[in-house]
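Following: one structure in structure tokens, then a few remarks.
For reference, chains read A, B, C and D in written order, and residue numbers begin at 1 within each chain.
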Amino acid sequence: MNIFERLQMLDRRWIFLVVAIAIIVPLIIPFNSKTYTTEPTEKLYRLIDSFAPGQDEKPIEKDRALLLVFTHDASTMSELFPMEVAILRHCFARKIKVFTLTFLPSAAPIMDYAINTVKEEFPEVKSGEHYVNFGYKIGALMLPIILGMGEDISEAVDIDAEGRKISSLPIMKNIKNYNEMNLIMDFSGSSAGGAWIVYARSKFGANVGAGVTAVMAADQYPYLQTGQLTGMLAGLKGAAEYEKLVDVFATNQDPAKREFSRELLKDTKYDDAITNPNIKTKFKQARIGMNAQSVAHIMIIVFILIGNIGYFITKYKQKQQG
Amino acid sequence: MFEIVSNWVAAFLTLCIFSFLYKDNPFYRFAEYLFVGVTAGYTIPLTWEMAFIPYVYRPLFLQHKFILLIPAFIGILYIFTFNRKLNWLSRYPIAFGMGMVGMGVPLSMHASVLVQMRGAMIPIESINSLLVFIGTITILLYFYFSKAHTGTYGKVVKIGIWYMMIGFGASFGYTVMARISLLIGRIQFLVSDVLHIIK
Amino acid sequence: MKCVKLYIFGFIVALLFSVGVQSNDLYAAPKAITDIKVIDIPNDDGTGLQIEWKALPKESRIISYRIYRGTSKDTLFFIGEIPINVKTGANSASMSYYDKDYNEFLDIRSPGRLKPEKKAGKTGPFYQKIPKDMKIVGPMLKDYSILGVIAKDEYYHKTKKITKIVNEKEQTYAGLKSSQITLVKKLIPGKEYFYSIIAVDEKRNYWPAETVASGKPIDNEPADPADFYATYLPETQTLSFEWGHPLSYDDINTYKIFVKSANDAAPGKLIYESNTPQPYASPDYAILKLQDQKVVKSGNVLFDFSKTSVDQCEFYIMFTDYSMLSSMSQPITAKYISKSDLPVIPRLNIIDKKNDKGDYNTLFWGKPVAYINSVQTVGKNTIQLSYDYGANCGYKVNQIYFDIYDKDNKLIKKVNEFFQDNIFKVKLDQSMEEQGELKVKIRFKYNGEVDEDYVIDQKLVYDSAIMSLRPSKISVDGRVLEDFNFTLMKKTQNTPLYRSLKKVSGIERESDDKVAYESSIFKGVSEYSLENNMFLVDTNIDVYWNKDTQSTISTSIYVSEKDNVVNKIKQQIAEVEGLIEKTNVPAEIEYYELYLTKFKNDLVAIESDNLLKEINSISNEKLRMKKIASIREVDKRKFNYFMMMSNGKGYVVEDSLNINEDGELDYVIPVSNWFDMEKLPTLIASLLFGMLVFVFVTLARKGKNLYIRPIAGIDEIDNAIGRATEMGRPILFCPGLSGIGDVATLAGLSILGRIAKKAAEYDTRILVPCRDYIVIPIAQEIVREAHFEAGRPDSFDKNNVFFVSDQQFAYVAGVNGVMLREKTATNFYMGMFYAESLIMTETGSTTGAIQIAGTDAVTQVPFFITTCDYTLIGEELYAASAYLARQPLMLGTLKAQDYAKFFILLFLILGTILSSFHITTIINIFPNK
Amino acid sequence: MKRSIPLAIVIILGFLFVGYVFIPHKISSDFYEWYMEWMKAMSPFGVILGIMSIIMTHTARIQHKVPNWQYSIVTLIAMIFTAYAGFAWGTQEGTPFMWLFKNVQMPMGATMFSLLAFYIASASYKAFRARSAEATVLLLAAIIVMLGQVPVGVSLFGEGINDITHWILNVPNLASKRGIALGVGLGMVATSLRILLGIERTYLGGGE
């Protein structure tokens, strides 16, 4: 029995071991890899970035806001959570007004967790002033709230997760309905966008974006093509790209470099993010995950190739013998 | 402290399940049987709270809708499943539930056949739409059971099989990422929530 | 054996340990709230309080705050809960709870008797929800203003007539048990309420707050009006006003507009007054047509603008609530506009919504619109434009033409969208950025004709922020459609006031209005009967609006009390007459006489009402109520609709009223339809298929040989069973994860019948793990039957068909265990599967089993194909049961399926070819959703 | 009696439901509401089947001392304890019942799910063999799509790999899904019809 035949018969457990190593090692031992940003992610980033107040503008005066809707439970957290963190970090760093909302009881703790994860790094960001957590609203209220926000957000949502009246919060200055809260990002493990596309988009013209898991992305492309979805982040890959954009622009040390530019993106000095101790692990979770993904994908492909080489050699030998 | 204990229990059970990858072992067996037991036990109070109280107890005993005694009685007939002589009684609740399948005839015809057909009738304006059209037709022919796959017909059907295989391959490849993500999620739980290696 | 004990021991120790940890408080963080504030909510109707407290730190590990309320310090009932994420703690320092509007007071889920919150002390003051015990809840009715929600049939037929002496007068009430009625409450203005809070930590320990706070809701004046606009159109002498609702407008009763000369200090003159159609919102606009520059109302001149012209006047609006508290806007001046500033309002049409159960009206207006909503680059200089279009039932859009021009008005491309997939592509000569701007002209072909006069213009302008062309607003004849919104209104017969229904954007053309069937009756509740253990409500019910006498006819729900309403009016007349006699102040007399006339009219109306006479001639209670219901429920669902168009800044145009042939307002009522015309193609297709089945079943019965080609997986089933027999190992059959409502499961079970029979013949054990409860008895029956048929009833063991778990992955864990420990030689997976499929098949292949799968779950087929020996793909699963059965009936349907497929192919090819030549006739036969 | 009455129930209800699809009238939706109310009143009793089945199989295992019978005790104890916890201390957040759900049931479910990552690798290794032209096509499509999803793919093969992935998903994959779905739809109609007409009655089991 030669090595190829032996490889043919290889016990599954060796494969399992390799898989485990291939995934655990990149998670524990960081290494750098290049993240390529793609156009859909860049577009979404730039749209959100256009909500940021100008140099001389007070954040409170800005008449643009973003709504993040959490429609997933813990089972899809590993893919969607890094996206939520990245977008929140973008908002907090650039003082973009941001709201969070969920109609799913199991998503409420994830929402709190995401906000707190990012907030720890931005002590100057205040609830009610820079962001508001609308909290969990029961599913039966979904339609009335989506439609109601087209008229008046503070009336439709009424109170936030802390029980405060929305209308009395300073952040609501200059924010009334979808004309101002112009983008809704729906993070979902099943059908993203759904009711938001049907009601907020087609009735009030709000932009709807989606954060989805990798498996779902294919089903969502038609919506992206017909323009019903303004942007989409798909799986860890989308999250990793967004993380990179936030690193390069939104949190750039040099205030002059905080606007999007293609040239800056090509600069290789931003490729060391994963080993860079200045960037907190929680802000590169997706990129670390993508390292594991890359290794795992390559490993699987190598498995397939080895298996096939073995298969052909064995077949060739059999032919020669027979 | 409480959280640490909880995490350790969860981590122990996680490892028990993972141990199955090596081989079937007492740890896995323990976890498996525990899992089955806990899920079964979980259902009982939930069914009581979410189904029995609102749909049987309250309408019957508080609102006195005595007509509901009939379905409740039919429901109880399920129990006779395990009695050899009277198990025919359990056919009644089953039959009552099966009635809804009738809806499947027009609904499947509508949603899964006619609407799908409309979706497939796209004007051929590019190579790609032609390719999709050919694919749809040949796959449909593959599912034609009245003719053996031989001769020219067999070759046409073969095209359909090719399309399906590419589709399946793509689905397979596409799923890899999601599955790896799940594992990453579990390992992150073990490594950061329990062992606090990653900060 | 030894290690098992060890595990159990370990597990119990772990459990005990965690329980032990539960009972020990290891943290020193504060748990009880020390400071609670009860604050009156401003600008409300005096029924709202805000409870505010400081959130406890994250270290306190709080999972929720429970709020309690009462009318005294020592009895507080649970009213609500705010959950907190234990890991992160509350997000902000202060927490609030709003006790306002109508909310839960008592319903069927309330406890039967007074239950203290034991964890917060057995003797109070904290209690669970308000109990149904009449001794406790009865006296509480006076502390709140309470509304009862009663299912309509309960109120019509299932109440108990109870008489009770109230205010020294014997009154008849309808009595309802607590299970028949849901009570909601509002606070009473000026009354003192007490609140406290319990913090609950993650071990569910209750930490009552150290204080009980109290507060009184106060009726405040409405918030100051903002967004008040006025315009004046000299050509038609029309003054228009528009304003926005303040935040809390529930109790605003009247809107008054005043005018005064700008340089005059004197108070203004009232020129407009309207009431709100409570409890609904009123539309926020007013239009005043001047007569010779004068505001005239019922012959009186309220203001003369010929003396002070409109541009020298100031206007202000006043909101007044029920307690006569009011607020006033800043004075504004009217903006002069010309007729060309206003759009032409399209006519509103109302029809019954088609194909529904009769609870919607469809409102539609105007010609269809289409607009580009996004632009994407899809290749070098090729852009993809996606569009939306809005049409209504008045127009059937056949084609949409998009003519694309560059900024120099040079035509780039003409697009004919005959197949409206909301997407098309355009190739440009240069990049989007260089192009800078595109102009689009949109025209329609509808109802079979091209409307050349109706052109929609839209610009696409390059936006460097998103690096793409951004669609701008759309316009027709130079008017931007988005600038004006439509406000839809409706009213019932018994009021002249329209209620605001909804605002829709200027590009919409259709809207449905829900006119629900009445299901609940609302009645105020303030009395109770202790001996009957019942809540008491008023027995009178509105029957209908009598058009001729212009009054609402109402009557009692009890035959014996049918004169109740008449007696009550008579009593009122007597009271007013008494008042008139007592006074001699002319103003008071005038005021009382107004009421006297009203009451007398009502009396005449009700005594002369023929319908009511007819109702009261029925002596059977049940029949009488049925008659009342049949009149009432039709009458309540009649609505007249109205529409206006405005830009929110006083540029207002009203549509004309909807009037019938007799010149009266047209009231419409939705109709319940008997056939869904949209499903006609489905009906025809189903019938055709049924016929095919009939033909082939008949043919098969006559003995015609129906050929079915060999299907790989099915032919291997026998071999696979044989293999298990040779090896002396059992067979595993997995009937999928869904229930019997799923046809895949049924197809799987049908196959199980054949497999089990073969297995029984070979005397091989077959194991069937189930996930759905209902599948267990069915699968057991099937396997038992198979054993009987094979002549081996003795070898059937019902424990071989067993339930594993209804949780997806617990099921998989269990099945894996079965495969490994029973060493199954052949595994069948037939039915519906989800992500778990691969876990099972991979485990199966480690044991070296032959595996045959069949599923209609397209997403799982790839995994079955790669890991199983044979896989039945999609329809093959359904065919398999027929193929295996070889009965004429089954084969007949399979044949019919094949011929149906032939028709599908025919239509697909024909439809695609025709549509490629711009003919969409065939496509449009088929439903699109 | 034992078989014909249930069959009649299925057929009569079945045709009423066919009517329900085509008739939007209020009577039709009232019928549906009546049916759902009755189904809901029946539903809690179905669970008894599952519980009884578990108890029967596991007690039988313990009685007959089949191999590994000891573990059946774990199942029974876990079931009884969880159910008891739910009834005794309630099912809210913070109770032992929820603790069991969060720290026993959820992690085990998630871990079981994550085993897929291992199996997808072993399946590709063991099963992806270019035995025939079709198998080769499947294998190649899978590899290309896998590469298209990670940055390494772009590093190795350039941006083109993304376009090919998109093409595969939007053209052959779309056709494949559409074709299969049409067949499945028709199969569902036929199977439902067989039940409606009483041709297919396996669900009633055998006997008279």
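In the analysis below, a contact is a pair of C-beta atoms (placed from the backbone, for glycine too) under 8 Å apart; a residue touches a chain by one contact, two chains touch by 3 or more.
Only a predicted model underlies this, so the values are computations on that prediction, with no experimental measurement involved.
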When C-D and B-D are ranked by contacting C-beta pairs, first place goes to B-D
CA centre of chain A versus CA centre of chain C: separation in Å? 29
Taking the mean of the CA coordinates per chain, how far is chain B from chain D in Å? 2
Give me the residue numbers in chain D that touch at least two other chains, ranges are fine. 18, 21-22, 46-47, 49-50, 54, 56, 68, 71, 74, 77, 99, 105-106, 108-110, 112-113, 115-118, 120, 122, 124, 126, 128, 138-139, 142-143, 146, 149-150, 169-170, 173, 177, 180-184, 186, 188-189, 191-193, 195, 203-205, 207
Which chain C residues touch at least two other chains? 4, 7, 18, 83, 202-203, 421, 679, 682-683, 686, 689, 740, 743, 746, 773-774, 776-778, 780-781, 806-807, 809-810, 813, 821, 842, 858, 861-863, 865-866, 873-875, 879, 894, 897, 901, 904
Two-or-more-chain contact residues of chain B, please, as numbers and ranges. 6, 9, 17, 20-21, 29-36, 38-40, 42-43, 78, 81-82, 94, 97-98, 100-101, 104-106, 108-110, 113, 117, 120, 133, 136-137, 140, 143, 164, 168-169, 171-172, 174-177, 180, 182-183, 185
Connecting every touching chain pair, does the picture come out as line, ring, star, complete or other? complete
Once bound in the complex, which stretches of chain A touch chain B? 13, 16, 19, 23-24, 27-28, 77-79, 213-215, 218, 235-237, 281, 289, 292-293, 296-297, 300
Chain D-facing residues of chain A, complex: 10, 12, 15-16, 18-20, 23, 33-36, 38, 74-75, 214, 218, 221, 235, 237, 240, 290, 293-294, 296-301, 303-304, 306-308, 311-312
Residue numbers of chain C touching chain D in their complex, please. 1, 4, 7-8, 18-19, 63-64, 83, 200-204, 355-358, 517, 672-676, 679, 682-683, 686, 689-690, 693, 697, 740, 743, 746-747, 749-750, 752-753, 770, 773-774, 776-778, 780-782, 784-786, 788-789, 799, 802-803, 806-810, 812-813, 821, 835-836, 838-839, 841-842, 845, 856, 858, 861-863, 865-867, 873-875, 877-879, 881, 889-890, 893-894, 896-897, 900-901, 904
Interface residues, chain D side, partner chain A - complex: 106, 110, 113, 117-118, 120-122, 124-126, 128-131, 139, 142-143, 146-147, 149-155, 162, 169-170, 173
Contact footprint of chain A on chain B as seen in their complex: 21-23, 174-178, 180-185, 187-188, 191, 197-199
